[in-house]
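Two complexes come next, and they have one chain in common, subunit A, joined by subunit B in the first and subunit C in the second.
Moving on, here comes the complex of A and B:
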């Protein structure tokens, strides 16, 4: 070998060299192969996957997760495109008897797929980017809510959405509220209760801010009923639609803000509650799996579902005993997958039991099929409705003509499939504890 | 007297197959016999390291130089068997600086490209390296699939007219006075491709010249003709991890010792090894503490190994040899060089030479030297071309990778399949029939299984070494029966059943040494699945006698039925 080829760096310093603080790898560069160690191929995840159940072409979570990761080598760049068919319902996570980090594997693989393999000028990428970043568009819509709702409701708009972007024309876009929750909150002058001993930071998410502020307002009134001081920190999208679309960089930016703001609220003595089951899922599970900002773990450990928090910290059922509700009838209740994954699937029927005048009839453990942005994509619409069929049937068979759930997109799907009006559990609690809305509004 | 063949090679490992290919390519008539499957001896029981020579750069520079030369040749002729992983010699704080420097200089003296990396740079290459790894030397180590390489040599020998008989055990050397002229073999299921459940036969194969390439078993063969060959078989344990914790070969940079190497191998990582002399290469203790100690020691380099899942362990025996009178006590001190023992010169018995010692990386160079010797003996002038002619599967490999086809398979399956098959990929994977994945762990499709069956008869272990099917984390629990299913209808039920049992037994053999944690769960699940879905815990079909059907009662009568309905009797 010639001297020219001989590197002359023999004098590299040894163990006394300066080693900077380890920078954590980008999520899409994470090596999750060791996670495959936990898999013994039992296929329980596959049998619990709602997409695999209706789509024979979808290879299922076992392939997407541990098998694909195990077959991977450091320099491999290709992720199978079937990962985009995963709806991110995360049922595989709770189905797995052996703690395989399935959704973490899927999220990471999907991020890598979008980053490395998806054409950034393709219709699919543009559409997914728009869907994933709903929060960035929503403020525009809610600036002129009536006009937006009118335009979005036009069949021409739906047709264009489908043709131009591949957003299904079968669904009606959710309406924007004429006043966002945050506008209401500011106008109201913020919290009505000051209580340094009982504080919560409310992560309302996008949907209850722009589309269903009545849910967020219900949370405020219920928590103030129990004497909580409510903080509403600045916040971005929880990241759920971004993970589901493989937009991990977008998710990282949002998560960074959320973790910073929520960690600051923790410093102020608050716990974090969320009214949307996907938002709480994201803060609790996906953040620590995918990111490592300072405070990520603390935020995850101190985040709660809003109803769960009250059940643990207050005598919620005792308080509800003997209350009655006139404005709602019985409900066909669907537990969202992301609530199920948090162990909350029995909660709502139990909490509503002491209230006179309403009952929640559980419609079973099937997935609604919409899974956030998934069922909005033209190519997934049919699969989404096939998955939802079981839920629609059960809703129609149950002795109720209205629906109840904690997830915004599940509620869209429930409404789309049955024509029922859909409410949120917090709205029922509000009616029972605080009284009807006009009364409550007067408070 | 006319002989059956010009050259008879004993032993279907890398050396034997390499010699058979070399001689066949020179135009000689060659027959190779192997007791079990190809690679069944030492070749199939190694860690899969393609040496850069770095390992021998201090202790044995002649071997080191030969390694780097052969390393480069194999990258050229066997691209589909080699993964260019690169290797690191890593230094921990307690490892000596002097030795590190000696290693580096040794590499450069032997022409082995070597570069020093700081601890941080080494961890950038391999994130799971221990935080206190001080620095490393980067060398062109690689990973090689010994099964694929050995099989490719055998196939190419056959392509050049050789006869290759597996499952043909040598039971006697034919000796007439001071001349060895052939062997008697026992074919387990008759000559040709193996078919289970077929009666065995014996055959005398005569030859102008016999090459004893049986490695650790060379002494046993020699003894059949009253020749004494002092092989000193030395066992070493290797443990297979479920996933690749590293994508680079990791060596410990210290003089010598047990448990100092991690080789990424296909979907797994192999930990190696130990070095302990044994008296019988077929019968030696396999102890759990050897496995435990190796995992513990290597966790100092890659801490994640401590908690990682192992899927099996296996022991191999090195065919070490030293000339009589050398008297080395410690097997680690015995040279890794090979010896060609011409029994005419050594024992006054003509017609046979034995090859002992040596190492996998330099199998081709060894084969070349032995083939030269055989040609000399037979008065043939023909030159060696094995360094230039690619093995079947490795022709035009670069163009192949550039235009990689997915054959309708999911990307990781397509990638791994085409890497295994090399230039044969389209020939094997292009099919109009459905091509489902049979082995999910390793991504092996039906087309690849069928191709292997066409090469090796009903022997599913031969299918396994060609395809990797059943070598993943379930160790065949989910795919053995599906592999066996592919034997039908070419083979009948009895044959299929025996082939399945044999494969599943072989899988269990290595898995026994990994029965804790996840692999124990896996074994339990495999057992439950096979027992409940195939009756394989108490299968009446595998009982020796007839089933006594009269011992069964007639089932419940209609009046017994709980729901009160009347069923058919």
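Moving on, here comes the complex of A and C:
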């Protein structure tokens, strides 16, 4: 029964205390009604949806969010299977002029769809579960990185991946590093700086641990340059690929570990920083929207993007004034959607401006199109590349010949579409502040 | 450390972007912070100055003739008519060939999707061939899957309104669109990229297929109007291509929200911001402010020292010398209401209003609604005034729909007020940095 049909009107005739707004019971579970009620159907979200622009089979975020939520008030309505076409770029969130929590509604609907309507033995479910739980497989690959890279690079493997699992054979799997960040960190003996007054807990996420440890190492060297003591707490996947695949139970388990470990770091006087824009997004926004473990709010409020944190807590731009780098040239910079939603869209071009020898040229506000695991699915590959076309064009029009971004999968897409090498902002800061890698490694 | 700039503009619509651009021309470092996307995406893209007087007279032939007679407190009265002209010239410089109308002071009459005509000072080039003052016959083409534009109805409304030409409307299927509720961006993308589409006659391109569909309906009309979905990034090329294929002038009819002409204007403005070196931060709200504690009496109002931007939980301080508030009106939520009052949520600036909320409105829906004029009163320097008519802060100016004292919907003055007050607020803010 619809909750609208069951008002709990406690007022009695002649009772002057009757307050007409309070006709609905207090929500016991996550209450999305205020969000649905806030939607005044301006469709600004729909004009920001990169999927709806290239695929008219996708009904857009306004439908997936508030409209589907209303339809679901009737018991005979299933979640529309088009919810799986949403790429979870979350652009609709920052589009909405009326504070409708669109991505929260999408995450909830997608979770319900997977839980109640998806066949758990289907190829799609198995494939999605594997993609969402990359973090569980990565340690295996990392154990024998060279063998894994060789096998994953074989065309036979790619063919099998596509035929058996529906993982596109068009993309090359990211290579595993021969030494993970955490292995390096342990070998190094952990933090080089002790400082009870300036402490950060680093949420490195999976990708910079298993695939691009150079990004994580750059963060360590830049933060130690500013005199920070770095903690590297135990951590699981941030949950981003799990939300995007509707695997909310997997996400809950991961989030529980992360919140517990990070909340403990807060107790030790640390703030939390992340180098991946989707990881910080997840900790800051999706955790408090979807979970309520003890400490969830505290973790969200004390999580920062790694560059943003330095900008606010140190004189980063002053420190960069007069520095120069040789190993990098100009960059074609793409601001990931999940960075955009955190107000970080202009940050990299601003921060790199004082460094001599490099400039970051923004390639515009289009979505890269890969959206994490989305563009890895055979059925989404074409849509993903169509969305990315605008970014590829702008990258090629830009004078720079290398790319720059803070999101691992955006970086895969940039490389896939243009053949450019892609760096992370922290690597440029490392070069400017600490010197080149070989020097840094000798430290 | 706070993130520092000279001028900080809060709000990313027409008023905010104009203020930022006007300030940046004076060689100061400007930042624009915008929370959610602006209501430009709901706007027609037309730049109106004044279509009707506050008393309802009009449509006005020359908006500038009426500016000097506006009541005290009207935003145009605050900045003066010369500033309105300067702001419009500034706008012309930003948008270049994308807009028409600069050749005359007189209002143009642009047909809307409802078949009414709107008096407006500047209009997108894409609408230029559709003006109601043009006496060439017109064919209006609507799409079955786009019910927001009912072409036969719009055509008959135009004729009933006394347009000096014959207007005819037809409804066709848009080749390549299957879904009944495809988004306007989907239509635009199909045409921008001239994608391959299936038609009963076989595979062809989107533009060719659309031209073929319309050709059979032409009865010698010299111009053809479509709902404003003809491309986004490559709208000029799409329109020219369709015109060549059909041998007619093609124009767009501005639509209700969501509106591609509004999106295209937003893109033009944000490109100009980037070119001018304005730093732009989007997606996050300004939630609080701190004053420097000095100035406590009326002649020496407080200074805003810094504002706090909420970035998904982390509070990031931003400091500037001068601030511009351009957060919009009741729709954009720069002015908000609850049952017991109307307020400006960020700096809690004074919003004059009747104490009894039953006096906020009149029963006649189309009557002279008091709520339509709710907003901030300002001095001639555009500084918001408190209940005692003294400036709330010494370094805060307000621009656009957050201002009170005018009814933009009835007057057709929304864009012009945003431009004029944005321009003046931006200029004064930059001057205040010296």
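Quick notes on this one:
Everything that follows uses one rule, which is that the second predicted complex is superposed on the first by the 406 of 443 C-alpha atoms of A that agree within 3 Å, B and C clash if a C-alpha of one lies under 4 Å from a C-alpha of the other, contacts with A are read in each partner's own complex, and residues count from 1 in each chain.
The working rule: a residue touches a chain if its C-beta (ideal position, glycine included) is under 8 Å from a C-beta of that chain, and two chains touch if they have at least 3 such contacts.
All values reported here derive from a predicted model rather than from experimental measurement.
With both structures placed on the common chain, the touch criterion links A:59 to subunit B and to subunit C. Of the two partner chains, subunit B is the only one that A:80 touches; subunit C does not reach it. Contact with subunit C, but none with subunit B, is seen for A:304 once the two complexes are overlaid on the shared chain. Of the two partner chains placed around the shared chain by superposition, subunit C is the only one that A:94 touches, whereas subunit B remains out of contact.
When both complexes are overlaid on chain A, the residue A:48 reaches subunit C alone and has no touch with subunit B. In the superposition on chain A, A:197 makes contact with neither subunit B nor subunit C.
Judged by the touch definition given at the top, the superposed model places A:399 against neither subunit B nor subunit C.
Note: residues 42, 59, 63, 98 of subunit A belong to the subunit B contact set and to the subunit C contact set alike, using the contact criterion stated above.
Considering their complex, residues 21, 42-44, 46-49, 52-57, 59-60, 63, 93-99, 280-281, 284-285, 288, 300-304, 308, 311-315, 340-346, 350, 362, 365, 389-390 of subunit A touch subunit C. Every residue of subunit A that touches subunit B in the complex is listed here, in rising order: 1, 5-7, 9-10, 12-15, 17, 19, 25, 31, 33-34, 36-42, 59, 62-63, 67-76, 78-82, 98.
Here subunit B touches subunit A in the complex through residues 91, 93, 97, 101, 104, 108, 111, 113, 115-120, 127-128, 132, 134-135, 242-245, 247, 264, 267, 304, 308-309, 410-413, 415-416, 440-443, 472-474, 477-478, 518, 521-522, 525, going by the rule given at the top. Taken in their complex, subunit C has these residues touching subunit A: 1-3, 33, 36-39, 41-42, 177-179, 181-186, 188-189, 193, 233, 257-258, 263, 270, 274, 279-284, 309, 311-314, 316-317, 331-333, 339.
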